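Report on the structure given below.
Chain nomenclature is as follows: A, B, C, D and E, assigned in order of appearance, with residue numbering initiated at 1 for each chain independently.
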């Protein structure tokens, strides 16, 4: 799993129905890095450091085997020091 | 999921029948980056910033579990500032 | 999917029976890049620019769910300008 | 599989129930590299060099097909010389 | 698939039972590159240039759908010139 920081919510009005109402969050592993989009299955707020699961495991972690996700947040890290 | 920009349609006359009639689009995450090919399941036009799902989730997102896709567009982003 | 160029056929006499008789081709996304091996499900010749599907979709695209491929050619691009 | 070194345990109080009680460990392939999070299915201690399986195989290696892991430790290496 | 060179056998006494007795080999795509671990399903010796399949296809190529592999050797290349 990857360690990423939540930046903001991504708004996509025109999207697949299968994405449902789960929030899509912009996450980065460090400032300036390529932003990715993760499905929030926990309830995060901007600034949280989170654990993101990718690969086929991201689908079920987002709710069901047919959910179209390749990156899903499965936990919030209690304390993370990115310099650590 | 990855954030990519739609560049143009890719024409491939000689291709697997399983690809059907879904458009194949050339996408890049920034100008000059390596181009990738995504299946359009939404209806995009060049210039759109889109959400692309990869991994095994790309298959069902393209229409069925047996669709040969590893990158499928699942949403158009309302407003995306690549510098943001 | 990735855009790759066919370079040559790869000969592997000692290989898994599950690979069958499908040609294995050396492909690169640009000159000097790391070479990869793709299963040819179309009928390509050296010099062709092709669409390669990776991930779990590469298996069925190569013929069956149990085919041991992680990169399969699913289409030949009609016109590709690598500088484009 | 990747060769990684165990650094420490990661604490995430607010996490998916499916993660259960398996330890989540911070691992790196070399000092200063991007840290990843792996599920410990063996019983490791900080400093161990371990074999990590990724992709869909990480799920079953963590205990079941529905376990949300994309990186699971499947073995401890007896002797590993990172300069080797 | 990736083209890798076999370096040596990896010894892991404390490992998951599901790995069975298949040899685990250290492979690299060039000298000095990050070493990976591949399951040998062919019977290789150090120095061989081999074809490695990754992703979900690596599991069945290693013997069964539940084998915890993400990189499996499926063929030995007859002649490989890494400068080629």
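Going forward, contacts are C-beta pairs under 8 Å (C-beta built on N, C-alpha and C of every residue); 3 or more make two chains touch, one makes a residue touch a chain.
Fair warning: this is a prediction, and the values are worked out from it, not measured in the lab.
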Distance between chain centroids, defined by C-alpha means - chain A, chain C (Å): 32
Intercentroid distance (Cα basis), chain D paired with chain A, Å: 20
Per-residue overlap in chain E, given as positions that touch at least 2 other chains: 54-56, 58
Pairwise touch network: line, ring, star, complete, or other: ring
Neighbour-by-neighbour ring order, given that chain D leads and chain E comes next: D, E, C, B, A
Touching residues (chain side chain D, partner chain E) in the complex: 1-3, 29, 41-43, 51, 53-58, 60-61, 72, 74-79
Contact set on chain E toward chain D in their complex: 10-16, 18-19, 24, 26, 34-38, 54-56, 58-59, 66-71
